[in-house]
Amino acid sequence: MENMLYVSSSPHIRSEVTTQRLMLDVIIALIPAAFAGIYFFGLRAALLIAVTVISSVVFEYLIRKMLKRNTTIGDLSAVVTGLILALNLPSTLPVWMAVVGSFFAIVIVKQLFGGLGYNFVNPALAARAFLIVSYGARMTSWTPPLTVANDIDALSYATPLGALKEGGQLPNLLDMFIGNIGGSLGETSALALIVGGIYLLVRGVITWHIPVIYIGTVGLLAWIIGPDGIFTGNPLFHILAGGLMLGAIFMATDYTTSPMTKKGVVIYAIGCGVLTMLFRLYTNMPEGVSYAILLMNVSVPIIDRCTKPARFGGKAHV
Amino acid sequence: MSILIPVAVVSGLGLVFGLGLSYASKVFEVKVDERISAVREMLPGANCGACGYSGCDGLAEAIINEGVHPSRCPVGGIAVVNAIADYLGIDEGSIDVNVARVLCQGNCDNVVFKYNYLGIEDCHAANALAGGMDACSYGCVGLGSCKKVCQFDAIIVENGLARIIPEKCTGCGNCVAECPKSIIKLVPVLSGFTVKCNNHDKGVIARKNCKVGCIACQRCVKVCPSEAITMDNNLAVIDPEKCTNCGQCAEACPQKCITNTIVKRFK
Amino acid sequence: MAERKKPISVLLNGLIKENPTLRLLLGMCPSLAVTTMAKNGLGMGAAATFVLVGSNLVISLIRKIVPDKVRIPAYITVIATFTTIVHLLLAAFLPELNKQLGIYIPLIVVNCIIFARAEMFAQKNGPLLSVLDGLGMGAGFTLAITAIGSVREILGAGTWMGIPVTVNLFEPAIMFILPPGGFLVMGFLVALFNKLADKKDKSLECETGCEAGCPGCSKAANGGEA
Amino acid sequence: MKELFAILIGAILVENFVLSKFLGICPFLGVSKKTSTALGMSGAVVFVLVMSQAVTWLANEYLLEPYNLEYLQTITFILVIAALVQFVETVLKKLMPPLYKALGVYLPLITTNCAVLGSALIFVERNYTFIEAVVFGFAAGLGFTLALILFSGIRERLETADIPEAFKGMPITLVAASLVSITFIGFAGLIIG
Amino acid sequence: MKFQGFRGGVHPPQAKNTMECATVRMGIPEKVIIPMQQHIGALCQTMVKKGDTVKVGQVIGNSDAYVSVPIHSSVSGTVTAVSERIISGSNPVVCIEIKPDGLQEVSEDVKPPVVDSKESFIKAIRDSGLTGLGGAGFPTHVKLNPPKDAKIDTLIINGAECEPYITSDYRECMENTENIVEGIKNVLRWTGIPKAMIGIEDNKPEAIKKLKKAVENIDNISVHGLKTLYPQGAEKMLIKTLTGREVPPGKLPSHVGCLVMNVASVAFVAEYLKTGMPLIKKRVTVDGSSVKTPMNIEVLIGTPVGEVFKFSGGFVSEPAKIIMGGPMMGISLYSDEIPVMKYTNALLALNEKDGKIPEENVCIRCGRCVSVCPMNLLPFDIDRLVKANQYDDLDKYNVMDCIECGCCAYTCPAKRMLTQSIRLGKDALRRKAKK
Amino acid sequence: MFKDIIKPSIILFLVCAVMTGALAYVNGVTEPIIDENNKIAEQESLKNVFSDADNFLDAKTGEELKTEGIDVSDNIEKLYTAQKDGQSIGYVVSVFSSGYGGKLKILVGIDNDLNIKGISLVSHNETPGLGANAANPKFTDQFLGKAPQKEFNVVKRVPNDDSEIQAITAATVTSKAVTKGVNEAVALVRSIVGGA
């Protein structure tokens, strides 16, 4: 034998799935939602998407360089973060604020904690929360979709949930399903998001547990706690409104910030659902998905700790 | 009046609490030995466990309760031992100041490899796979398991070989226990010439595997004026008690595996 | 404590090497709560310094006569007295600031810095050194929280000491004057300070600074494990 | 009853002592390294908060108010709390060693914990009744517990994270606290009752 | 019978290219190298020295220890060396090198054993040199003689062969069906176990059919098709699938009334009782991307793997990695001088592309490792602690339960070396326990 | 006995006594000043919302008003009477309302003709930059002038008439809370002065 052989510990084969491939799949799955956003909110939406994605990648590159670490933009997770952040922004947001959001997501939430896999809250969502807290007015000035823009006062267009809170005119469910309503540029079209979600399911990137249980919990609670007493709610309205679809399919499922075990995932998804409805119904904020997911992110370490799988052939140890 | 009432209220409280607390501490008194915490304070606080107790707290307890001698702590050195001995009024005893030494010079340039290792950077991990990638099965694997356990940053691994910085090493022995090849030895700081090799293979094999390994040619044995060198299963060993640091062995060694490791600081 | 301490080094100690806020991480609550504005930092710092100096002085004077059993209540009484005095003075002469600082003024009494200095320093040293230590620590505290306040005010409100400074540069991010901003700015400043301050001296870094058994320090954490 | 519930939820979620009121930060940062220690500390804090709220309320009602001595609140409260804590500690040590082992080490740390004195000052400010004050103390303790437990889980995870050198230790802990605090802002607008 | 199954598992590509390759017998090699430890248990002492002549079946290594088996010469010839070599573990093992004389003269000790009681049966099994042929290499006579208080009610015959590439057990089932059935009967008879179950993964329908036919008329032997899912063949999983019982941590199959034997092991029992020829040869699958003609070969134990490859027709490309065993559990060899041993069931030669292991990336907490681990462990967490040198916290994670199946590392998208990390953790815990 | 119990107690007693003595002294000095400060501050804040007045009579609390048979909502804290040259020219109402971050306290100055003279947010816990902007004159000035017959209404666009109040962007909750407080204050004064 002339050449030196490789020696390594078993197993000697690895599956085809790679981090990069998973992230690429998420990007592909988000494309319908991104296009829906551009369709309904115009080129401004496209600009915001481009800006957040590029700035996220650039920040990721620069901060790793600064910290003298290897470059990780190749794993595409920064692209996912940028894309999801963009979909969470109103299309009117000043561009520089979107860049600040990317900075917060990538540098403070992700890389300060060690980068991919180490952050304990969802970077894109934390950045959104940061922007809401910092620039509340800008983050809640919704414009109507281009398709309905001409006849209504542009400045005060309400999202479905906003309208529910303020007693405005509720949009019809079909518009909500297609995305012909106000809101963040990527959250309005349930259709596009579901298409993406099915792609992720088929590719095995996510399992059905989080989206289905999350959305199911919201629907159930919406039905139970109706406006006219118990069991009078309209689950479909709450399911299609706000950022629930985007949140349940793409954000609550983020690996890094969701539990590791099946049991944990169930608790987590139910928690997300309950908190979402708590925020929607019992706070002054019309929308609760972001904070619900963030709060459950924060609880993940404890959930993980309490849901260690039972030992094979015996009781769980500690 | 405006002064009397407040004074009465607060100092009344003070009196009540003073009485209550003093009384309670008398009634509910639980003895603790202050000496333990005093000794604990004097120990270095590295919690390295080199003394064989559960960290410095453990040793402090053992010193007081079991009469263990303070020189059990190899880390603090004479100063700490003296301080504790003074405090407890006991004999200082003697402590050997030891320093760790890696008995191998087989870095990536010197040693021949037998395979291409793909795996975790850890000596135990590589060692589990056919004894590591070095053709010499006695030598330093060079993936730094020792470095990971040294709390004093005294070990660096360069070019596939661990090296100990004697100025930083406290002789705690953690690395000695960790090395899968058992090639780190604690030696008295003042010992000078050392055979930096651990290879017990026959000369031919040793020469084939490593450029700087001991090939058991016995030249050092012959040249040593104080008969301090013996052969142990194909490996030269220097007895520090007998060694006079004359350095003739180092010159005689064709493989250059005897070196003067005495450190300036200790001279 | 055999070695003699130099008054100057005692005074300067608190500024950087053992900066109570950024190095020893004592008295975190006021450092975070009142620092929404630089001005509050100054006010809070001055108030705390007054209490520190006063209590250090009194405690170093009475340290020999107070028996161990009632040491804690006695010291606390002293500290509480000075705190109340400050509170009353503020209410009388600077009512605006008093309102801004709210319950954090009476809370100076439980500020770990003060108790820690009483236990660590005044307890063991004479009045002169104790006063200097109080001054140094107080100055360090003031400096630190004014710095935190400045950063938060500039980023979060676009003003400094109430003066607009960023008018057209950027829209201030309100988060910085809310609780999360406090933690964030503090985190960055501590990181910066660790980098600036004596690098070799790692052990001091937050973990083992306080010997008074103050909550912030590792003794608390380790205590639970033992 | 509804009032009490509002106080309870309010103090746990909306005005969480640690995350939005900045009270009790020192133990929050100091004792959150391990979930087990966090549990111990939380237990001790809840215990002391409930006891001290009761005692300080009584002291305020029957010693200070009758004589118009409100300005002595600080000194009286802190004295009462210090004595209480020390007394409890001594008694526990002797009578209930297991409980002392679990809570004891934290007790002395609590005297200098803003949360205890802070909640006493707050009940005065808000004119709470005895029951309300005690419930408030209990809820504040629970809020502290919630924050501490969640945070300890996160910190255990940070333990093995690959954090930049300058941020290792306290700085990253503070940044993490900031993020947790952002998430709690979600509760800020909770309409209770 | 209901499929109970186990949790987790993975589906690596099967690559069973040699299913239809009937076993070819390889001749006598240039030299054989026989290590004195080919089993779990005590090392054997050498019974011969350099220069001695030995015959086929002659005992050349033995030990007084109970958990150990004798080692026989697989050739007749002259001992040319007795020396320590590194095989695959960290410590060198004494090996006897024999130069065959080509005559294959059989030792006079080789004769059918007289078996008339359980004791004599156990003794015969020990003398046969049989250690588990399923890959673990545990001395079979120890297994067959469980502690008195263990009531064994089921003999499980492991024909799962869940690893990719390997088909040697399948060939065993196809070519040696009678011996398998007879071996089972023998074991049942002498150990008093009432029934036997044969488990075979359902990607081998022919074998299932054939064995079903063979046991048609036997009441207490049944054949079960198993879902094709790695690591179906691991004994704890197999027991769970076939009987629904879970072997508790740290306990043996006998704890739940089971005894697991590989198909080749039982077939060998039958053969030995008939002929008395000890374990000197092994059926080995030769495959992999560098191998020209994948095939099943019957090889004399001690044959250097290089010669086996040469016999199979050599390589299409320079191999970058040689694996003894399957790709999931096998050991990668550093040299082609390493001999085939009793437990060797496959030899794989992989080319550069297949042989290289991708670089580790950071864990993205995807949870895949957790969901595939058949032992319900948290591989990412163990890995995290091991990498951080935090061995103290490791006890809580049941590290010792890991069966090193490799599912976690196989499935990890970040390509983390989880199984190796866990081995390291086990190693550290063992060292700690020793201290 | 003495050393263990009595002595510590005496010392603690003495420390407390001395310290409290000092405190009581300081309090003696500062108390009048603080009281004075508070009074001035109160007058100032009242004057802020009713600059025409030169004196404010001591307040009546909501409870007291109730006993006088005036219909007041629970949110009314106090009612001050504003005087000019000894003549009552109007009222200042201190009213609570619940905003985004909890209670708001609002002072509303209203003259006898139901003209709103001034509004100020005395204390609130609203989010800086959002709800807190309700304290800005930009928002509060919308209320000045004659109180509408019905009530003030919050709208999210440019107001059409004087009874409409434009909400602060993204702080509708606060805007509504302030408006509700003002409406209650107006209702109270209306019931006192009658009709107009």
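As written, the chains take the letters A, B, C, D, E and F, and residue 1 is the first residue of each chain.
Assume contacts are C-beta pairs under 8 Å (C-beta built on N, C-alpha and C of every residue); 3 or more make two chains touch, one makes a residue touch a chain.
A quick note: this is a predicted structure, and the numbers were derived from the prediction, not measured.
Shared contact partners of chain C and chain D, listed by label: A, B, F. Note on connectivity: the fewest chain-to-chain touch steps from chain E to chain F number 2. In terms of C-beta pairs in contact, A-F outnumbers the other of B-C and A-F. On a Cα centroid basis, the chain most remote from chain E in this structure is F. Centre to centre, using the average C-alpha position, chain C and chain E are separated by 67 Å. Averaged C-alpha coordinates put the centre of chain A at 41 Å from the centre of chain C.
We define each chain's centre as the mean of its Cα atoms; on that basis chain B and chain F are separated by 71 Å. Work out the mean CA point of chain A and of chain B, and you get 51 Å between them. Residue positions of chain C touching 2 or more other chains: 69-70, 73, 77, 80-81, 84, 88, 172, 174-175, 178, 180, 184, 226.
Looking at chain D, residues 71-72, 75, 79, 83, 86, 162, 167, 172, 175, 179, 182, 185, 188-189 sit in touch with two or more other chains.
Contact of a single residue of chain A with at least two other chains is seen at positions 5-9, 108, 114-115, 118, 130, 133, 136, 284.
The set of touching chain pairs reads A-B, A-C, A-D, A-E, A-F, B-C, B-D, B-E, B-F, C-D, C-F, D-E, D-F, using the touch definition from the header.
Only residues 71-72, 75, 79, 188-189 of chain D touch chain F when the two sit together in their complex. Interface residues of chain F, counted against chain C in their complex, comprise 4, 7-9, 11-12, 15-16, 19-20, 22-23, 26-27, 30, 33-34, 37-38, 41, 127-130. Residues of chain D touching chain E in their complex: 159-160, 162. Contact residues on chain B toward chain D in their complex (touch as defined above): 5-6, 9-10, 13-14, 17, 20-21, 24-25, 27-30. On the side of chain E, the complex with chain A involves touching residues 6, 10, 12, 164, 236, 246-249, 251, 306, 318-323, 325, 327-336, 350, 354-358, 361-368, 370-371, 374-378, 380-381, 396-398, 401, 404, 406, 409-415, 417, 419-420, 423.
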